[in-house]
Amino acid sequence: MNVSLILIILLVGAFATFLAGDKLASKVAFFFGLAAAGCSIVLLNHYNLGENISFINQWITQPNISFALKADGLSMAMLLLTTVLTPIIIFSSFGNDYKNSKSFYALILFMSFAMAGTFLASDGLLYYIFWELSLIPIYFIALIWGNGDAEERKKAVVKFFIYTLAGSLFMLVAFVYMYQKAGSFLLEDLYKLNLTATEQLWIFLAFFLAYAIKIPLIPFHTWQANVYQKAPTVGTMLLSGIMLKMGLYSVIRWQLPLAPLAAKEYMYIFIGLGIAGVIYGSIVALKQKDLKKLLAYSSLAHVGLIAAGTYTLTLDGLRGAVLQMIAHGFVVVGLFYVAEIIFRRYETRAIAEMGGIRSQTPKFTSMFLILVLASVALPSTFNFVGEFTVLYSLSQINIWFAILGGTTIILGAYYMLKMFQHAMLGETNTKIFADVTFNEGATLVIIIAVLFFFGMYPKPIIDLITPSLQEILTQINRIN
Amino acid sequence: MDTNLALVLLFAPFLGFLINVFFGKTLGKSLSEIIGTLSVAVSFAVTIYFFLQINQTKQAINIDLFDWIQISNFKVSFGFLLDQLSILWLLFVTGIGSLIHLYSISYMHDDEKMHTFFAYLNLFVFFMITLVIGSNLLVMFIGWEGVGLCSYLLIGFWYKNQEYNDAAKKAFIMNRIGDLGLLIGIFILGHLFSTLDYATLKTAIAGATDLNMYWLSAAAFALFIGACGKSAQIPLYTWLPDAMAGPTPVSALIHAATMVTAGIFMITRLNFLFDLTPDVQSIIAVVGAVTALVAATIGLVQNDIKKVLAYSTVSQLGLMFLALGLGAYEVAVFHVITHAFFKACLFLGSGSVIHALHGEQDMRKMGGLKKAMPITFITMLIASLAISGVPLFSGFFSKDEILLVAFHHNIPLWVVASVASIMTAFYMFRLMFLTFFQEFRGTEEQKHHLHESPSLITFPLIVLAILATIGGLISLPGHSWLNEYLTPILPKLASAEHHLGTTEYMLMAIAVVGGLVGIGLAYAKYIKQNTVPTEDSEITGFSKVLYNKYYVDEIYDAIFVKPINVLSLFFRDTIETALSSLVFGLGKVTNEISFQGKKIQNGSIGLYLLVFVLGLCAIVSYLFLAQ
Amino acid sequence: MNNILNQIGIENYIFLSVILFCIGVFGVLYRRNAIIVFMSIEIMLNAVNLLFVAFSTYHQDAQGQVFVFFSMAVAAAEVAVGLAILVSIFRNLGSITIDNLKNLKG
Amino acid sequence: MSTVLILFCVLSAITLSTAFLTIFSKNPIHSAIYLVICFFSIAGHYLLLNAQFLAIVHIIVYSGAIMILFLFTIMLMNLNEQREVYRPRITRLGAIVSFCLICLVLITIFINSKPIVGEYTSTGEDYQSIKVLGKILLNEYMVPFEFASILLLVAMIGTVLLSKKEKLEK
């Protein structure tokens, strides 16, 4: 039993969903999503028992490419995030009717497949293929099933597609360069390369462009808000919940260990960039009129902090970043789902058109508030654990980084509470707001339960990721 | 046994919260009230048990539940520490908490969201207990932020009014500014000592040979900023008066007796750290004294009964910080306790008045309530005498000790604090005279409905008034039970340095006379001359500045809020567009290049052939001639 | 039997066919009349054929000549088809100046 | 100077000059006539090299078939007068430059490659009589030979189809 099973389940699931027809598609997709989640939990168990669940097979001999799926703690954590969020996301869409839903759900599973592959691949080219593969489904999902004016949407989505694709091409160049030196794309072989500082700098920058666009870090974020707004909520969830983490994960897995000298040399610049993103994203979020756009900018702020954490090159920074990634994945999915729930009833995403919802549906309001608070990292939620660790690592580098990064605590509370106030509180809205359905409630409750559980007891995840992060750190600190 | 009891202590209110949240509606009003009150009462009972135990054994109880957060150089466990300090705090948190729950049963009876109110109150008590009994700074931080959250929820309890929501938001954000400071302090302590646990921290600091004073001071200062946020000190005090938007029991519990003392608790808890940083201590002392004075001056002219009490709270908290800054932690703790009694009593009394007047809070429309509400009047009078420092009431002892300590350390601070307490006496009796004496100035209909509050409201008032009277007994000059009790926490007692001598008696006399002068002035102005404060529009001169709270809110708005909003608009409209057009511009440039390049491919075969031949030349010469 | 190249020299043939080929190239580039362009192409073909035959003699091998034979067949087919295309172009456009044939434009 | 060399020079001169004239004639008919002469001279080269079969085939195919085709086409289009549009100077310049360039390049290559020029061996074997060529063509090159016939057939059909007047358009 090894991790390729999950990829197979997801891929087969995608095909089965497509063949199942429009009526059954959502259920079939949900079933396969659950199967993948279950399977990954079983695999996690195997992994924790010390079994080898990696999968390596020669794929193409000339050039030397292997189908290498390596599962260490970090990959398993990200894989779990993907496979657990996928059924949640699918489940959250049950209230909606999509045209041609068989393709829609098949694309979701396919995207999940590609993202899981990205998290697992330990061969450069295989990783690159998965990385790019994940872009295709989201392109179609956002383009076909998105909302708003079709022309505008096309513009935003095509921009996103070309932007990210162009960034990743530099990564491919870096891989090809390293292949010429190493004769293999395998991560272990690439680690063994003795690259000079200049070479490392170029490789680092090439990777950085790909990741900075994907994460996104300022000033490469311009695709984000528009695509988040235009994409259907399921697409936004996939994008913000999982796909962003692909970039952050890749920073840890590929960029830092492959070009440690450059990373150390220019650490401050990149931390600064991340923190600038925190402040910038928070301030821009303040005056957003569209709920989804606001969440997009809040996401920008949060990933800025995570990225800053990764570039500290300390165990705390990496660990905090991974914790925060997972936490943010859940929170942001929850928040976008909340936006969707409101949209289902009011047909609007403009915050100004909401308000006065609380008196109609206290249950929903409480869940929304909890998600808002989790997003601003209230202690006892998972996000606090991540944010605290990241900020601590920043303060290890320089206390001012922690202070500036810590402004997210203040500004985050400001824009989130302001949004909450105008969206939910105030005089009872004249429009009727139907109470949440069972599906909606169950989705939110699951997310909230995860957030609180790991907020109080993050030890399992910490124990899972720490050894592999330490391994990566030894790679980063190796002497060439 | 202890572990289980501690868990009961902690989770009883939480259980109450859960029951009220999930089943509040089904249970009905009276049941949810009973559960809400009982859950806190259970905590109180357990606290008394612990109190008795620790009074005998003098042994702190340490409970570690599980590892929570892991940092590279240390682990933070989820644990509790029950020692003299935390149990003392628990006593009045749960004790006054129970009384206020009891009070709320009647006070909030007509509110449709009764169960939500009790749920929030229970949640608050839960977080407050967490704050107090956490064994390390991070567990305390859970409670710290949690009480902030509850304060947010309760200030904005009547959420249909956006002004209340603004006040709630403001409170939360201002608290968060302080929280950032607290976090920074925690980070620095983590770096320096690799632990956040109080006990280990204490031994680490005591055992350290070469302390980095710079970082230590930075940590202490950052922690102090955190305390400023929570305890409403300059410059982060403006949220507290606004927080009066919440229901009155909330103001009594959270914004007078318990939550706002969290900063004092934290500093007292870390006294071993602050003792080492005299610079920060003097900052604390000065900030405290200035806050006391500024808030007192604002309190002089406020007409909203709750606003007066709010500024009075800020002022009293300032006095406590003054004591903290002078190293007299036990004096600050003493004042916290007496203040909790009389201020809770005052708030609840004002609530009783507001209740009787159907929500009227403006003192200009009150007056003459003495006869209609005798119990409320007497209890509030006792509390006012206590806060004014009239001898034999509890406030006299605690305030006097602060003034004594101030006098011994720094005369200017003593002058400032004395002036502040004279003002306190003045505005408290201004409040009393305007509310309870003279003729009723409200509408006829209100007058008709004037009545004494029900017993559920008066009972807590009476209990608190008794406590406000006799509370001073726990720390009498010369023989202080409190100081002895706190010895394990506070080995150095600042107040023990001086003995009662002529100077001390003189100071006491000055304070008493000052207080009486304040009361006398108020009597002269509001009874003899029968003045009623003028309408808002007619206030002029310096009192207008005071009435508008020195325009601090407006200044903050202009310095922080407006610029951020303008910046946000600028970012949203200009920078975002610029960045976006930069990316689109890149696309456009590519497009343009391709458009120009397209012109080369104009379909002219002649040109194609020419290029073809030239290309052929190039390739052939490269292949054959380039060796 | 004596090799005729002993008297002429292969290099002369190479020069000749190079120049002939270049004349063909020149014609293609210089003229705008599609028929003349065609003729120039024929000249180029013949230049190559000539070189083939010369080297066939040089190597005393028949394969070069066989190749010329095939290339002639191809040339014949090419001319036939090419001229047919020209005729139909002429019918449609009324001219065979290659400047007018700009449909290759993207 | 042997007679053979003189003959070669004369033939070469005819070949090159007629090739030039083909290109420079204003009248396409003249071009065609010059081209015929050029082809004949090339056939002469073939004969000089003792490739009788090819010489004959060359005359038949090129001078006979292809040139007649050209002439027919020219006449069909009524191109006997100068109809060529104005050629911009840049085009002519470009043509001349590239002509010089390609000449230069090819000749330089040839000189650079330092061919072994000297005694040419002669095996004395017959390799290019019609008899031998016929055997080679129909033994070794049987399949290409047949393909050539198919090619010609296809070309024929294509030509017919292409030159048929399309009535549907109008």
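In order of appearance the chains are A, B, C and D, and numbering begins at 1 in each one.
By definition in this document, contacts are C-beta pairs under 8 Å (C-beta built on N, C-alpha and C of every residue); 3 or more make two chains touch, one makes a residue touch a chain.
The chain list, named the UniProt way, goes like this: A = NADH-quinone oxidoreductase subunit M; B = NADH-quinone oxidoreductase subunit L; C = NADH-quinone oxidoreductase subunit K; D = NADH-quinone oxidoreductase subunit J.
Being a predicted model, the structure only gives us computed values, none of them experimental.
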**Report entry** Centroid-based (C-alpha) most distant chain relative to subunit A
**Finding:** D
Report task. Report which interface contains more C-beta contacts, comparing B-C against C-D. Result -> C-D
Report summary line: subunit B to subunit C, mean C-alpha position gap in Å, rounds to 98
Requested in this report: Could you give the separation in Å between the centres of subunit C and subunit D, each centre being the mean of its C-alpha atoms?
Outcome: 5
Requested in this report: Let me have the rounded angstrom distance from the C-alpha centre of subunit A over to the C-alpha centre of subunit D, please.
Outcome: 69
Requested in this report: For subunit A and subunit C, let me know how many angstrom lie between their CA-based centres, rounded off.
Outcome: 64
Requested in this report: At least two other chains touched by the same residue of subunit C: list those residues.
Outcome: 25, 29, 32, 99
Query raised in the report: Do you know which subunit B residues sit against two or more other chains?
Result: 606, 610, 613
Query raised in the report: Mind pulling up the subunit C residues that touch subunit D in the complex?
Result: 1-16, 18-27, 29-33, 35-36, 38-40, 42-43, 46, 49-50, 53-54, 56-58, 60-63, 65-66, 68-70, 72-81, 83-88, 90-91, 95-97, 99
Query raised in the report: Which residues of subunit B touch subunit A in their complex?
Result: 21, 66-72, 78, 116, 138, 141-142, 144-146, 149, 152, 156, 159-160, 162, 165-166, 169, 172-173, 176-177, 179-180, 183-184, 187-188, 190-191, 218, 564-565, 567-569, 571-572, 575-576, 579-580, 582-584, 587
Report task. Please name which positions on subunit B make contact with subunit D in the complex. Result -> 606, 610, 613-614, 616-617, 620-621, 624-625
Requested in this report: Could you pull out which subunit D residues touch subunit B in their complex?
Outcome: 91, 94-95, 98, 101-102, 105-106, 108-109, 112-113
Query raised in the report: In their complex, what parts of subunit C are in touch with subunit B?
Result: 25, 28-29, 32, 98-99, 101-106
